[in-house]
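Shared chain: chain A. Partners: chain B in the first complex, chain C in the second.
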Partner chain A sequence: MEEYVLSVQDLKTKFFTRHGVVNALDGVNLTIRKGEIMGVVGETGCGKSVLALSIMGLVKYPGKVVEGSVVFRGRDLTKLDPDEMRKIRGSGIAMVFQDPLTFLNPVFTIGDQLSEVFLFHAEMDRKVVEYRIAKAKESLAESTNDGQRDQLIEEINTLERAKEAPAKASSKEARKAAWYFSTEMMRLLEISDPERVAKFYPHELSGGMRQRIMIAMALALEPDLLIADEATTALDVTTQAQILQLLKELRSRINSAILIITHDLGIVAQTCERVAVMYAGKIVEFTQTRELFSNPKHPYTQGLLSSVPRMSGPEADLEWIPGSVPDMINLPSGCTFHPRCPFAQKLCEQEAPEMLGETSHLVRCHLYGKLQAGRQAYEK
Partner chain B sequence: MKLSSFILRRLILLVFVLFGVAVLVFLLTRAAPGIDPIFAYVTPNTPSSAYPVIREQHHLNDPLYVQIWYWFWDVLHGDLGYSPSAGMPVSMAAAIFFPATAELTIAATIISLSVAIPLGILSALKSNKWQDHATRLFVMTSSSMAVFWLGLMLQFVFFYLLRVNGLPSLPPAGRISPDVLVSQSITHYTGLNVLDSVLNGNLPYLVDSLSHLVLPATTLALVSMGLTARIMRSSMLEVLGQDYITMARGKGLPERVVIYKHAFKNAMLPTTTVVGLSFASLLSGAVLTEKIFAWNGMGSWAANAALANDTVGIIGFTLVTATIFVCVNLVVDIVYAILDPRISY
Partner chain C sequence: MKSDLVKIVDLKKHYPIRSGVLGRTLGYVRAVDGVSFEIRRGESFGLVGESGCGKTTLGKTILRLMDPTAGRIIYDDTDVTKVSGRGLRKYRRAVQIVFQDPFSSMDPRQTVASILTEVMHVNGIAEGQRALEKAIDLLELVGLNESHLFRYPHEFSGGQRQRVCIARALSTDPEFVVLDEPTSSLDVSVQAQLLKLLKDLQKKLDLTYLFISHNMAVVRHLCDRVGVMYLAKLVELSDKKDLFLEPLHPYTQALLSAVPEPDPTVRREGVVVKGEPPSPANPPSGCRFHPRCAYAFEKCPSVVPELMEVNNKRLVACFLYDEGHVRETG
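Let's turn to the complex of A and B:
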């Protein structure tokens, strides 16, 4: 049996606005395996970010998760009370957001904001002991005096024993330890001179640095799942590549699963193992990344792929998908993509298709179900 | 280090602003019709035969640009002339009345902030729920009330009604009871009765001056808290919608930390400006409140001077008030720079 870190079943999130009900998520099914990198792609406004926020339980008023379940560590997150949910955020599931400037608090230092993650989640008493051990080891490495070395080794051994049942640490010690582990986390994210950077305010850092800080915050407690919502969109291409590379490396070190939410197919191709294509609050295609790029089935996916400009091959005009994202309040009848679909039939206007195909390649399109015969005839 | 050079720079600027204020005030004394500058240098007892000598002594027959020089010299030496309505020189009047007003202002601001800030936060957290409506109604009502009516009503309830029913009541007027003034002697270091009695360790004096402070300070606080609470509410609402609040929740911080740490400090920025402005305007004297509660402060002095046609008093008051405004603005700027690291100084 495959082990899933997260299983989203039939998730529906609605926004009850003055103009009507927005069906931001309209029955989303998604499973993420342990340690896998999964992508969710789609146009702006298709519900990708709402999916992330719904998993985190952070959907803002007037939005609400109305149906479905999000199962994590055997518990349905949509039914947890706020305090239980809070404990999972940050330590179990962490999130990296799009714009690192607006998502970092401008009036607190980087170190302060990073320390909080430890202070409000980790067992600080134990962390304080670990901090003391780390400090003692540092001085041991520097020390040359034999007597002093013996003393330090003795101290480390005592502390190692104390780790199992740590004494209550004062809040000052806890803050110091949290600060230390924050700088260690920053070092892991390849930030040079973290002790100095920790004292900076967000506006004093570059975009790439800020994004590293956000990732450091998200990974600080080694969560089982990291959600990266357009985490590299605001960065230039080089920094983007660095950050993605870093995420991949850290994934194998910490063994977190990563859910990458993006509109950029390039990022998906580079990093993700499986990918879900979203359209108007529904997942319309779900398969391996390689399979998606070599054999896209849904007309929307085909359109997305052919509208990516290519550097190689014969020169040709860039293709595009006609029309625009539907009005989420008054969704088209039947298949929501039918007004823009080049293969649309009468049936597509009348009936919404189900997810079809094998589990390794699911697609929500009548062309692979009731209209299959017609499609095959057309292809011949 | 960076902050101290910012403060130094602002202090240097302060000198120029005050110079500008002084020039304007001087021109007012010379330009306003019906004001003879000699009034600044005579008392009601000065015989008019001495006027020409005084005029000569104070260079009042010289051209304006010479006069301004001498006037500045006098001001720098604390000689702003004699205020007949106060019955003493302007500098002495300011030294007596300003601490009284400062005491009232500080007390009112403490009361106002400790009510308005929590109410503003509550209002924002429960926006459009009954708590929000109740808070807004209370704040709107209290700040729309005429201060003289509110003051009189407080006196009526907490002095008159309590007293006629034989209950302990609050004093309706003055800064200290006559019997306490006679029986207890304290050294006045600051002129703020509450602070001085603490410094002297004199409990009866402290209790008496605090009880005198309650009604006027509450009156001022009730009237001025409306703006603070509303600014706090709106800036809190704005901050709560910011991305970094989502981030703070996403990190799994407890709601109290999200609100009282992450949102609060940001929401305090606009509030600081408003509080600073209302503090400065209260410091220049609340005329009506001081009159109603017979509180001998800047407001009473200014009102008396205006009624008695005491131009020297008014001009002295203007100069003192302008200085206070400039100084309070400086303090607000410094607080702002401490609160918001994005401010470059």
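Let's turn to the complex of A and C:
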């Protein structure tokens, strides 16, 4: 039995707008394993960001999660009240968005904002003790005097015992400890000279640096799941490469699962282990990354893959998918991809396909179900 | 050998940093700092670099949308650096630009017909019914049709909007078109269509492109020759094939290896550069890339490398390819 961090079952999110109901998510099933990096890929308006917001319980009016469940730590997040949900965010599931500047407060320093995460969410009494232990260990490493060393070791032992039932810490101590752990987090994200950077305001940092701060905030409480929604889209490629490398390393360090939401197939290919392809509010293909790129089954995935210009290999002419993403208020009948699909049949217009195939490679297409005979004849 | 259509010589564009009530100039942001290259007739010249390297400023300066601080722009053997009035108008008919964001580069209150005919009217190309007929031809050229003529920009998808922008750029029958990240706000499937369109148009109308982009894969797909910019300077210039096969400058190597390839079986073991590009207001001394360069040696922080020719006609601004250095290190 595999262990899942998160299990999304038949999730439906709708937006009730003046022009009609938008079915942003139309029955999404998704499971994320412990410590894996999973990708959700799709084009503009396919609902991938709404999926992230629905998991986090951040869908705003006029949107609403109308059906389905998001099970995390044995509880259905869609049924939690706002206070309980707030506790899950940060310590359980954390999220990094595309534009860090919108999510950082311009009038507080980086250090203040990082500390706040600890002060709000962490058990500060225990953190203060941990902070003292860390400080004592630092002095121990520097000390050469034997008498002083014994004293410090004694102190560390007492503190270790006190960790189980920490005394109430003063707010001043708590702030000091939070600041210390903030700089430690920044060090983890390879920010050089964190003590100095902690005193900066967001506008004094570059885009890549801000995104590192956002990731530091998200990972501060060691969440089981980190959702990165187009987290590197606004960055330059060299910075993007640095951040993606960092995410991969951190995943093994603190054992968080990561859900990467992106439109960039390159990022998926290079970082994710499994991937879900979304189209018009539905997952149309779900499999291992290697399998998806070597054996794409859904005509949409095939089209998407052949339309990306590549950096290596022969320079082939690009192909594309005719038409454009459907209007989410008036979705086509049957399979929502049929108007753009080169293999569409009568059946595709009439009946929406289910997820088909083995669990290791699921695909939502009639070609692998009722129209299988036709496909096999065609392939021959 | 194709002749040069556009030639820029030691082009500079510096923006003053002003401060205080009196607007004293405190310094300059050197957005473009001494760039020279030529674009041959009928080719696609790609200009790549990361945000803030000055590639857009360079494109706009070539079109004389901004006046250069120093240097010369030679178009079709005529110096256009200082032309004004009628001469500038004539130049602007021959050169056009397509911007990155099709949402903000069109007036939301104008129909496609008026967007296209206005350009023709202003440039004295066609009026009235003739202009409308030409507008229809242009729309058909870019894959739209007559039915789109009286629609407003918001009625179009991003890809269609960019097609209208291309039609507008073509309405003066230009020879030279600057494409400033024309596909970067579009989805991949739409981008592929647009790239095909641009290629076809180039062939059909005998156009010369300056293609500005941060997307290396797209440049590889569309361009013939590529110039790589880093912090206001050109660091490498070569044929596309050579550049992608064997990048010479350490920055180009880093840039190419940082692009995630959409193929999980390809792992690029490349140089990952440390740190981030410094500010163009206060660039590092010597070679501007030296603080991030893995191969930097004594000479790099003190002397500015110039573009020099190596391995048959490739240009690179890096001391690693200096004869003296090569001799010493073998």
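The criterion applied here is as follows: the second predicted complex is superposed on the first by the 377 of 380 C-alpha atoms of A that agree within 3 Å, B and C clash if a C-alpha of one lies under 4 Å from a C-alpha of the other, contacts with A are read in each partner's own complex, and residues count from 1 in each chain.
What we mean here is this: a residue touches a chain if its C-beta (ideal position, glycine included) is under 8 Å from a C-beta of that chain, and two chains touch if they have at least 3 such contacts.
In this text the structure is predicted, and so the values were computed from the model without any measurement.
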Three-chain arrangement built on chain A, chain B and chain C clash or fit: fit
Greater residue coverage of chain A in the superposed arrangement, chain B or chain C: C
Touching partner for A:Phe293 - first (chain B), second (chain C), both, neither: second
Vertex chain A; arms to chain B and chain C (CA centroids, nearest 10 degrees): 80
Partner chain in contact with A:Lys87 - chain B first, chain C second, else both or neither: first
Partner chain in contact with A:Met56 - chain B first, chain C second, else both or neither: first
Which superposed partner A:Thr238 touches (first chain B, second chain C, both, neither): second
Contacts of A:Tyr4 with chain B and chain C, given as first, second, both or neither: neither
Partner chain(s) touched by A:Phe343 [first = chain B, second = chain C, both, neither]: neither
Smallest separation in angstrom, by C-alpha atoms, between chain B and chain C in the superposition: 9
On chain A, positions contacted by chain B and by chain C: none
In the complex with chain C, residue positions of chain A that touch it: 43-44, 206, 208-209, 236-242, 244-245, 263-271, 289-290, 293-294, 303-305, 307-312, 315, 317-321, 324-325
Interfacial residue positions of chain C with respect to chain A in the complex: 50-51, 157-159, 187-193, 195-196, 214-218, 220-221, 244, 254-267, 272-273, 276-277
Chain B - residues contacting chain A, complex: 242-244, 246-255, 257, 261-262, 265-266, 339-342
In the complex, chain A residues that touch chain B: 56, 58, 60, 82-83, 86-91, 94-95, 97, 99, 102-108, 116-117, 120-121, 201, 203, 214, 217
